[in-house]
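Quick heads-up: structures coming right below.
In what comes next, chain A is part of two complexes: it sits with chain B in the first one and with chain C in the second one.
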Partner chain A sequence: MKKVFVILCCALLCVNLYALPFDSIESEMKARIDKSMKIVKTNKDSKIMADEIFALFDFMFDYELMAKLSLSKEYNNLDNRQKEMFVSYYKKSLQQNFASKLELYKDNTIEVVGGEQIKENRYNLTASIVIDGALSYIIFKFYPKNNDWLIYDVDIIGISVVQTYRSQFADILKSSGIDGVFDRLKSGELFAEE
Partner chain B sequence: MQKNNFLSLIFSGVINHYRLTLLLCLSIFLFFLFFAFRISIDASSESLVYDDNQNYKTYENIVQNYQGSDFLLLAYTPKSGDVFSKDSIAFIEELLQKISKLDAVQSTLSIANAPLLKSIKDFSLQDNIKANANILSPQIDINLAKEEILNNPFFKENIISEDSKTAGIVVFLKSGFDYSHTIDEIKKIKNSYKDEMYIGGVPLIVDDIVYYIKSDLLVYTLLLGLILAVVMWLFFRNLSFVILSIVVCIFTLVISSGIFALLGYKITIVSSNYISILFVVNISLIIHLIVSYLENIKKYKNADKKRLILITALQKTTPSFYAVATTMIGFLGLMFANIMPIVHLGVVMAIGVLVALIFTFVVFMSFMMLVRIPREVEFVSLGLRILEFSSNIAINNKLRIYFVAFLCVVFSVYGIRYLSVENSFINYFKSGSEIKEGLLVIDENLGGTIPLEVIVKFATNETKDSINDEFESEFEELAKEDKYFFSEEKLRIAKKIHEYFLENEYAGSILSLHSVSLLLEELGLKPDGFTFSFLYDNLDESLKSQLFYPYANIQQDELRFVVRILDSSSSLKRDEFIKQVKLELANILESENVSFEVNGLMVLYNDLLQSLISSQVDTLLFVMLIIFVLFVLVFRSFKLAIIAFVANMIPLCVVFGILGISGISLDIMTATIAAISLGMGVDHAIHYIHRYKEEIKTNSKETAIRNSHKSIGNAMYYTAVVIIIGFLTMTSSSFVPTIYFGIITSAVMILMLISSLILLPRMLLIK
Partner chain C sequence: MKNIISILLLVCSLQNISYANLNELEEFEEEYIQVVNDPLENYNRFMSDVNWQLYDYVFSPMLDVYNTLVPLGFRMGVYNFFNNLFSPLNILTNLLSFRMEETYNEVGRFALNSTVGIFGVFDIATSNGLYANKSDFGVLFGRYGFGSGFYLVLPILGPSNLRDSIAMPLDSLIYPINYLDPFYLSVGVRALKEINYFVVNKPRFDEFRKDSSDSYLLIRDSYEQYRDELIRR
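Up next, the complex of A and B:
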């Protein structure tokens, strides 16, 4: 299971400060992944490392869209303030998960394998990671926004992060409504923890 | 008169052409004998269901949708008290090697070959998984292995008892095999060791029931035949009558069994007593004919043999016909049960008693022509004193008789309120028997015996008000992929239901998707949707078929919970328990968007019993009404019909009252007693009143009663004695329902005889 989280965190390492034009997705991703791997190997405090890595990758992810998709149709029922809060907590949840697993990445390497435009407005970039001798894959899913491309989901060993959140949120919404979702996001219990 | 002429013509034909008749009978006998040997016995759960049972359809779907297989359980309690000692493990391994070689064995699971995931010291989880180790692997830390086995939700109460003193060996069986041979082989292997070992599991129960039914069929046929011969000899001291009785009984049995086989019916736990019942009906008919014949020899001193036989046959036609008709009605009442084996029993017995009536008369007439019966033959009235005594009581103790009858009614009403029905497999077998001991050890130490299953079906997700957005559609499509089946909602519901059963005092082993969650927790992993999706997407098929397929069906959008219920629990009231489980699950799942069904063998057998009881209650009134109408027809008097009716109902109710108070529960076999014994028991009253009506033509009421006791009383007494002895032979069975059936029916018959000899004549004296 360690493998799962290593890959999840590696995926989050790839957050970019800027959006990408289509032609530079692969090269930009490669460069930033390499930089982030160097940060991981510096043995700094994990909180500091996490901040540095997020500073590198942050704006490559469309958190707002990811949060919206994760909450599905319920997102439209939120008022603007709630939406803002939700996106903020959602992002924090992802980052917390990432920071808590940073120790696990030290001995691993992520390499960009290549990308594929699966349809006009979708591009999947595949990266590989070797954990304990086994090769696994991470797929970054991009979509075009204002002439740039942003990540709206990541598949880790074939499992969609957004889909996992959707499943969790749908169940919490059913049992304890949107307040329950906020409570769980604040508590940091969501998504995969080892 | 016309009827008598017609019958007289037929009977004369039989008597005049008795050799031809016997030859014809022999041909019919041989024809049915051919089929009678093909009759088969079926004790499987499938044999006990009725066609339109929704629960059975669900059960079939479960079998089809989930990869479940039959299994046997072996329990091993080493004398050293340590199942994890080297010797114990080596012993289990040796046992596994022998069992695995058997044809019908698919796989085995025990502490000796259970896969261990965290018992190699200083190995990561991945390395542990890669090592594919079990307790016998050299690198295993035995203490870690012990701890892992005791805490693994799939092993606990399956292959290891909670006190860790008993190890279980689960033997999974291949489908499509006849397990009988495999069970015999496993028993042989088990018996070749001196250590304390037990065997259990539903296939074993089924196999042992079949064995008991088979041996009972053989024993009863021989024993009843022997008893019949002895009793007939004691009564009549004439070899011809003994042979006649046996010939008639064997004849009817073979023809009825042939019909059973020809109709494609199988003998089941419910219908296995048909031989005893047919014997009894036959004996009753033949004794009445013989007694009447002997009376006629005395009465018509100058009549020749042909005439005597004809007179006897004609005299007994009406009471015998009505006696058989009431018995048939009793059995036809079983047809309302909607349960195939019960319906089959009803059909076959209704046909069987009709065959018995026809052929008893035909064989009696032609056989009597064949043999030489000395005219001076004197039957020994063993019960003369009893008959005289009972006629005196009936005549002289009006108030006492009515008072006792009143007390019986009060007692019955009180007792019947406590009547219960239960279907405990463990209690099917005698205490001290090998199977019962094995079932008890496994039930108490290795997680129960009888499977109860819960299927939770998730409602189809609404799509009509979903956001019509490309991203939304993309994720909705993605959610349909198998790996995303394990949503948080499903895991939460699985946990709720699993924990509900954990709290239930009657639930033993519980396996469900939540067991996988517990296993993941044991391994230090968070059991959430992501982990499940990941595992489902990455595990190989063999692991998936152990962890997921038995508990989740993605195509059907269902979860399955397999619970084994503690069959040996004395406080378990199965029907109430199932109802309570349904009610409590409905409460637990009230706010969820799911439907659920409670199923499994426990539900199927309970359905069977409840359906049997409700149909018996529903139709008993109908049977009683028809019998009453028959009484009116045969006696041509409402008063006599009511008297006969009351005289039969009181003893029947008393027996059920006794059952209620003594706490003996009715089961699948004994539940049919009411209808069967009512049908058989009323024969006494029919014969008695028929005779009484003859006597009253020329005598006072008291003399008519005394004469009836002396004449027909003899036949009734003999019949009852043979019937009671016949049913009491059932107590030699190792199958407890058969023993109860024998005792209860004998009790009904004794009370009905007493009632027919005391209460019935007393009521006939009413002016």
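Up next, the complex of A and C:
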């Protein structure tokens, strides 16, 4: 009984460690963006920097939902194993894309501007980045899930990550079905290969 | 009996969860009903391929040579100089959109960069918190409520749409380089501007293209989303 209690306490502690309650979205994001800026300044290899930055934000992203939204209704036709595989490839694709972009934008500074609850179950946190002398914005889109708030999309200078994947997946689905999507994901064509 | 009630309750609650998930998903789906009007897709894909072939076999090697011969500081100076000349267009179209704060900022930016920044070669304004407020006649028309029409890939110039293509000659009227005399000087300076622009942004173009299974779709969707963002802002 004692053991069960200890395990439960540990589990609860773990849940709390990785929880992102509404009130701390802005402060947590600010702290983690500042940390990631410091990582970028270390000038390590892009892949290592990307891994370190992803480790900071990983628990905030709902990759499953992002993958689901990117594949749209076709996702429901996948069996459980395919779903698992798809989410895993999708996450890898996002990470690879992010790593390849780091080199291009590592001299730019990102600052949290503020957040806005656009409706009861949506919260947008805006960060700014200066590109070519113009102030551009990155919007992290959050939604509530089991008392946590998780990111389901990121808009970079108005371009939605999920939307760009959706268009590409829709086109591949039209021409070569779900097998085509898996083939492209497996071959790394949907993300920059090292 | 107790067991049956428990099972029924469990089934009901599971049904509620699946309905909730379904509704939630539908709500998300509504955020992504973005359809780009692309009736000329066959032509656009063809022109996009032509442009990439030109880029790969003509421009890219040229850009690499330019990149090797011209030092980074000079490239950035040229880049800033030509960027600064877009300020009159930004000022006018922001003013006509009644965006007074952006207009004042852009006037300040142009004044500072053209004087202290020596004709715009040095971007002093950005480091002093005066950021560019990019705008043009396509954006202005969009703010006035004109839709983008259909997506259009222009020869050499690349992605555009009907609204932005119609607005393009108006943009040219406000760009000072076009008034250089004689005409061939204007063409030469424009060529320098474009080459330098592509050199500075080449890593971004290459990366962007590498990211997708179909660069046509990625560029088309990104272009329309980016223009919408400029209009909304």
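In this section, the second predicted complex is superposed on the first by the 171 of 194 C-alpha atoms of A that agree within 3 Å, B and C clash if a C-alpha of one lies under 4 Å from a C-alpha of the other, contacts with A are read in each partner's own complex, and residues count from 1 in each chain.
In this section, contacts are C-beta pairs under 8 Å (C-beta built on N, C-alpha and C of every residue); 3 or more make two chains touch, one makes a residue touch a chain.
As the structure is a prediction and not an experimental result, all values here were calculated from the model.
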- Message: Under the stated touch criterion, which partner chain does A:L69 make contact with: chain B (first), chain C (second), both, or neither?
- Response: both
- Query: Of the two partner chains, chain B (first) and chain C (second), which one does A:L78 touch, if any: first, second, both, or neither?
  - Reply: neither
- With the two complexes superposed on chain A, say which partner A:K174 touches: chain B (first), chain C (second), both, or neither. first
- Message: One more residue to check, A:N97. First (chain B), second (chain C), both or neither?
- Response: second
- Message: Does any part of chain A touch chain B in one structure and chain C in the other, and if so which residues?
- Response: 65, 69, 72-73, 132, 143, 152, 157-160, 162-164, 166-168, 171-172, 191-192
- Quick one: which bits of chain A touch chain B in the complex? Just the residue numbers, please. 1-4, 65, 69, 72-73, 76, 132, 143, 152, 156-160, 162-164, 166-168, 170-172, 174-175, 191-194
- Task: Spell out the residues on chain A that touch chain C in their complex, using ranges where they run on.
- Result: 65, 68-69, 72-73, 97, 100-101, 103-104, 121, 130, 132-135, 143, 152-153, 155, 157-160, 162-164, 166-168, 171-172, 184, 189-192
- Counting only contacts in the complex, chain B reaches chain A at residues 124-127, 465-467, 471-472, 475, 478-479, 483-484, 487-489, 492, 523-526, 528-531, 533-534, 537-538, 591-593
- Residue set of chain C touching chain A in the complex reads 25, 27-29, 31-32, 34, 36, 80, 83, 109, 123, 125-126, 131-134, 203-204, 207, 210-214, 217-218, 220-222, 225-226, 228-230, 232
